[in-house]
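Per-chain residue numbering starts at 1, and chain names A, B, C and D are given in the order in which the chains are listed.
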Amino acid sequence: MNEIYLGGSFIEMGESLDVNNPFNGAFIDRCGKAGQKEIDKAIVLAQQAGAELMKLASVQRYEILHGISNGLLNERKRLAELLAGECAKPLRYAMGEIDRAADTFQVAAEESKRLPREYIALDWTAAGKGKEGWVRYFPAGIVVAITPFNFPLNLVAHKVAPAIAAGCPIILKPASAAPLCSLELAKIIDQTALPKGAFSVLPCDRHVGDFLIADSRVAVLSFTGSPEVGWAMKERAGKKKVVLELGGNAGVLIAGDADLDHAVNRCLMGGFAYSGQVCIHVQRIFVVNGLFEAFCERFLSRVKALKYGDPLDENTEISCMIDEKNAVRVETWVERAITGGARLLQGGRRDGTYYPPTVLTGTNRTMEVNGEEVFGPVVVVEKVDSISEGIRHLNDTRFGLQAGLFTFDMRSIRKAFEEVEVGGLIINDVPTFRVDHMPYGGIKDSGFGREGVKYAIRDYMEAKILVL
Amino acid sequence: MNEIYLGGSFIEMGESLDVNNPFNGAFIDRCGKAGQKEIDKAIVLAQQAGAELMKLASVQRYEILHGISNGLLNERKRLAELLAGECAKPLRYAMGEIDRAADTFQVAAEESKRLPREYIALDWTAAGKGKEGWVRYFPAGIVVAITPFNFPLNLVAHKVAPAIAAGCPIILKPASAAPLCSLELAKIIDQTALPKGAFSVLPCDRHVGDFLIADSRVAVLSFTGSPEVGWAMKERAGKKKVVLELGGNAGVLIAGDADLDHAVNRCLMGGFAYSGQVCIHVQRIFVVNGLFEAFCERFLSRVKALKYGDPLDENTEISCMIDEKNAVRVETWVERAITGGARLLQGGRRDGTYYPPTVLTGTNRTMEVNGEEVFGPVVVVEKVDSISEGIRHLNDTRFGLQAGLFTFDMRSIRKAFEEVEVGGLIINDVPTFRVDHMPYGGIKDSGFGREGVKYAIRDYMEAKILVL
Amino acid sequence: MNEIYLGGSFIEMGESLDVNNPFNGAFIDRCGKAGQKEIDKAIVLAQQAGAELMKLASVQRYEILHGISNGLLNERKRLAELLAGECAKPLRYAMGEIDRAADTFQVAAEESKRLPREYIALDWTAAGKGKEGWVRYFPAGIVVAITPFNFPLNLVAHKVAPAIAAGCPIILKPASAAPLCSLELAKIIDQTALPKGAFSVLPCDRHVGDFLIADSRVAVLSFTGSPEVGWAMKERAGKKKVVLELGGNAGVLIAGDADLDHAVNRCLMGGFAYSGQVCIHVQRIFVVNGLFEAFCERFLSRVKALKYGDPLDENTEISCMIDEKNAVRVETWVERAITGGARLLQGGRRDGTYYPPTVLTGTNRTMEVNGEEVFGPVVVVEKVDSISEGIRHLNDTRFGLQAGLFTFDMRSIRKAFEEVEVGGLIINDVPTFRVDHMPYGGIKDSGFGREGVKYAIRDYMEAKILVL
Amino acid sequence: MNEIYLGGSFIEMGESLDVNNPFNGAFIDRCGKAGQKEIDKAIVLAQQAGAELMKLASVQRYEILHGISNGLLNERKRLAELLAGECAKPLRYAMGEIDRAADTFQVAAEESKRLPREYIALDWTAAGKGKEGWVRYFPAGIVVAITPFNFPLNLVAHKVAPAIAAGCPIILKPASAAPLCSLELAKIIDQTALPKGAFSVLPCDRHVGDFLIADSRVAVLSFTGSPEVGWAMKERAGKKKVVLELGGNAGVLIAGDADLDHAVNRCLMGGFAYSGQVCIHVQRIFVVNGLFEAFCERFLSRVKALKYGDPLDENTEISCMIDEKNAVRVETWVERAITGGARLLQGGRRDGTYYPPTVLTGTNRTMEVNGEEVFGPVVVVEKVDSISEGIRHLNDTRFGLQAGLFTFDMRSIRKAFEEVEVGGLIINDVPTFRVDHMPYGGIKDSGFGREGVKYAIRDYMEAKILVL
């Protein structure tokens, strides 16, 4: 079924996209590929739906979003298996993603009743005597969402759910590697009372997607993906508002007073869950002096024990990467680091699309495994002398998404909160921590703007003041 | 000059109140004593001023309040000396109080432009489709303020400033022991554009003051003073809103990881500034095991060194109490504690109105020095085994105003925040800490409601929703 | 089954309360009557549950409250019939009440994740340099709820739902005339994960209920009912926080530019729905000059057509009153008004518990039908010369709950918003309008505090600041 | 004195810029012209000052900003005359601008104590149990401000004041036509405790200014000026946040029930104050049918009476334009409109830099006087049949800054609030209305982001969440 979801209709395309399981190459399903004509049509339909969408009462938006949330939970098992298959994500994590996406839609349902509104006195000076102001936030217009393969449902939800809450039509270009979950979402949304035209899913090639970026009828461009692609988009976005959720080389700092077992546990998850193909994957671990040896020992023994296998097997902890190209890239980066003087503590031998959990030490920021976004199952562990030195290392990068700090000392926590250059600092947990209603996004090269439903909603809206 | 300030006029009374310096008995000045007739007149004038007051634009409220703030600073020195004299407060603290009162009025000036207002969607259910709500807070009506001697300017400011910001007329009954600062404040306010009638200062006997409490034309009763008096007022307050800022036996807990010198410094200030005649005076110090001896040694040596003298001498650190009756009461309580088994570590010998800085240990909650509000220069120091035990001790009282905790450990801080039964928990400082815009007030027997300008304003206003 | 719900258990009582259908006297069911012993036990169990309740994560509170909401909807039909029977409320309104109660719980579910929290800078003066403040609101303690017969489910929901959201245990004394819905609610709540002890339903006599009012272990008293009973409670409430939702004689003003048909429609509903046994029942209608005759004509013809009958009949628009005592009271008030000079335009002849829809004119505030809360199917219609005169009439009463204004003129709307002394002013609708998340409550003799889930939650909590 | 203000020092430049009075060509003063070297130096100094700036306590930021506000008021007369001279703004408006700039700094002083901070529960799902979040907003980095000639002080204040409040260093490129006020501001700021380096004023040519736009060390670009320049900047801004306050062709709609005299008064001010060289100048007036003739008659008689003269004369109501180039441009546009079929009702004959108050009718959106930003003393007046048609006309443009609506009918007001595509809708006043703390900014081609101190502050900051 070469389908796309074009403004309320599932339609057949001439061209199609095959989706195979990266773990075993098995064919899963195919979908259609949109062309420029479909893009144009989606925009026209979105414009038409916009007026209708803006008129929906809160109770209607709530029912639509709540209905989507329930729709996802009703098909939890089936969707998780589809998701696990199309992106080789171990089933346990795939199940978690369905739940989180359902949460994201439910949070948006609730926030749709609580859109920002202000009522302000204007008589602060004589010029405003007798006047008051009411500020409502109106939908900014059409949102274009471009999403990556690694969370093919929840990162889509983080754009679609706030757009509906805000009253914006939304056109989605899903990742070509993993478009099927988006089309499943379209089926669920199609069953709700969302005005037809307000949502489209258009799998397409990048050059076709570029029409979405350039089109002046689009008001907001929300992109999650790689820094290079994202920043380039910003320059071509014209008058659009732009939100970029990019990646980084997230670091964690383990202080001398840390709970070591807890830190090891969390770093294992943060470093290797979904083979590190996560924007806030733990890539750099800095351990304060005294704890370094103990940390490495325990961490490495746990890394070795990670269970590799079929993503659809419930016991699998780590599976293959999304494709061989990326596995090769990671392999190259690790080899270059070793050539450059880094020491391999664990892992490091690629097998097709599989790259094993790998730990290095003795790296520096000029090596890609340290300074670039590795987006694979590679972690560097380095010793530092103090919290201050650790913070310097955390900051010694062009990225700034999230960071972790394991300590109980309030002075270190406050110092780090002031000094670590990130969008989120997680105490006693890894940077990989995220709950879906918190403000989330990076500074420096890691992003532009914040998501987290309520925060995304704000970016999709425009303030209008009524002065009376 | 037997004057009172009655709704915009300074008028002579037949009966007068002499104010003497508690330190040397010297006559300072006298003021008039209001009777029931004046109370009635003040209420009538306040009612009339109310309508005018409600119509003031933000810019006018701001100018009035900002003008009062400036007026206080312009006379800082003179007012501080008057204040120091009338309540025997060492000049350094009296100067600080003028500054804080000026801040309190400035904060109120700023908040008067930011009164709470809400603009809400009402279409959460079908019944509200097409409707929106605007919530404005309107002045509740006449506020009656009854204030104590110990901060005869800033505790007055904490009621007068928010009342003006909220648009409420206010009638003040100042402490009989220290009414002069209130009348000076009236002179400053009288120079502003505050509508006449909106402010009265009525020094009077308690039985006359009772008419204010009972009068049904009064909307809000805001009292700062002793728990017994306060709670009794609440029962006689009829339909009024009531705010009670009462006292307590504030405790501080010093953990094993505390910065000892810092803790000693702050406990010295918290324990003996203005002879402990402060609602959030440090009365109970709990020190975790290992630090107990060291703390006592350093603390006692510092207590011994406190410089006693004339409040008007800039070098004086501690002076006499407000009157002999209270000094005798404290003496009796200390003696009873010693009889009951407490050990006197320092101080304990009264000389007229002077009671010296006193430290006891081995007390328990059945002794007044521990379980009641001592409101004098007496501190008990006790050893505890753990943070948990310390928290139990902090809570083992019918009071709950503020508490202090000296530690850097985030686990202890969070535990204490959850468990200590107070309105404010101060980390690495004494419970005596207060800045004038923070929410301030107690739970249990220590109070009802919160002050802190913005918080007080809310209690002086009533929400009204416009549904459209 | 002589049951009450005592802190998590349904237990048999010796004494019982029979509940009969006021329309035909048919026995519906009976429940137990609690005594002083049960009250004490409920308080002890509530105290124990308090600690557990305070520790619940948001997700747990949400699940409990959302579960109750669903539970009500799942039994919508059965509950509506029970409710219609026990208080003779026409089924159409009874169905609406179940839906609203479900909404109230759902709103509370959502608000339980959004409890007030503040993070404030404290360095506004030098004294606060380097310090910050975090304000969390903690549950105040045990809430006692006393509720009336007229909305035996939703007015209960307005106390129980915010209490659970806030983390407060709650003890409910339902109306003796209509306790069965509360016990049904208890069955639903009992199926959730709410800690046992956190909720009790104690039908009892007023003198037994008085123990709840007096008990010092109770932190909050929330009462909905008659003004006399409410204000008397406040005086006996000791140190408790008190919320009073009392009644009034709500007025509506119809301006010369009003949409007459719409106004007639809404006044019909506001005046006679549930026989006017509603706190915000339209009791006084003021019509500006030119429209008076036309309004009366259309209104009276609609009043005449109201369909009387069995509350369980879906076609019934108006049924009997709650009991004969009240019907007789209304009869007496109408007769006295007529004796005093009022003119009867419609209705006025009682038949047992039934009192017909009645319209009077020529009344004044000294007549009970105008100046007191009639709480029955009686409306007075009076002519006024202008908006200003109409506002004077609206305000010419000791009550101030809600008012309505039919006009499209922004000047009149703003004037009325400033001047009408009420908690809520409803434009182009009757004062009877309420959606469950809006701030709701009266001023003057009509109440103390606000409900509306979020607003009620605030009254059930105490601010605690952490200064760091 | 060929000076610029470079990061805390007034330094002499080789190249200079002469500033002459546009009214009579008289030389006023000269200032220096910065080159690329100075730009680089200013950025380096700003970076250094950034760390210091971020550490300032609220009380320090307040004192700096409050000090600037006072500094402006202290030199009110002198500054107004300088301003009037350098941009030919009639003195009455120049005085008003000094006052407004002082207000803008005072508002920023107050807001610097109230920077956004959030404290949120994170336990909405099981994954966040036991965790809480604190969101602080940190300064984003260096702000570059580029400002126009027409409000050479207050539009500068709208960028400098929020930058200081937010803790961002700021580099200002003032309009070449009117740089002197900025340098006066620098003198005032130089006297405060603002860390040296945190503020620079760099008059320069546009190609030099381009280095500021391109530099990657700059975090925020805030531009006020023409749409063409602004939108082009956005495309070259790289990773910066961009705020654009551009212009428009603001419209006003006069309904049939409008207060005609009031509307005429306000349209006169909005249309011709400062020769219409105002972003929210009234350019298009739409009058509903019945009022059209009456409006035109009264309006034209008032326009004729406007007093032309020397900007420094207190009686002058209208003076010349900023330069002859612009006067010629306006002349051409008016001529083209007439050629295209428009009818000249008043004005239209240029004299050097003076262009007289001009009124046209019979225009359409293809004429520049209607469809482009005229930025001169030209107003078009058109008749419409209804509110709906009027709204269509208001929206029939690529701009959307502010609009005015004269009516008292709530239905029209709400309809317009929903439908008029602008950032601000002013009821019973012209779009020219602005008080400095209200959210201000346009949609469509009129801008990107909002100013208004608090709103600008938000754009100069980045959220950082601490998860604990």
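Going forward, contacts are C-beta pairs under 8 Å (C-beta built on N, C-alpha and C of every residue); 3 or more make two chains touch, one makes a residue touch a chain.
Computed from a predicted structure; not experimentally measured.
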item	value
Chain separated most widely from chain B, comparing mean CA positions	A
Pair joined by more contacting C-beta pairs (A-D or A-B)	A-D
Chain B-chain D separation of Cα centroids, rounded to whole Å	46
Between chain A and chain D, centroid-to-centroid distance (C-alpha), Å	37
Centre distance in Å when chain A and chain B are each reduced to the mean of their C-alpha atoms	51
Shared interface positions of chain C, touching two or more other chains	113, 120, 124-125, 128, 134-136, 410, 413, 427, 468
Chain C - residues contacting chain B, complex	99-100, 103, 107, 120, 122, 124-125, 127-128, 131, 133-136, 140, 231, 234-235, 238-239, 241, 413, 417-418, 422-429, 433, 435-441, 443, 445, 448, 450, 455, 462-468
List of chain A residues in touch with chain C within their complex	110, 113, 410, 414, 468
List of chain B residues in touch with chain A within their complex	57-59, 62, 113-115, 117-121, 123-126, 128-130, 134-136, 407-411, 413, 427
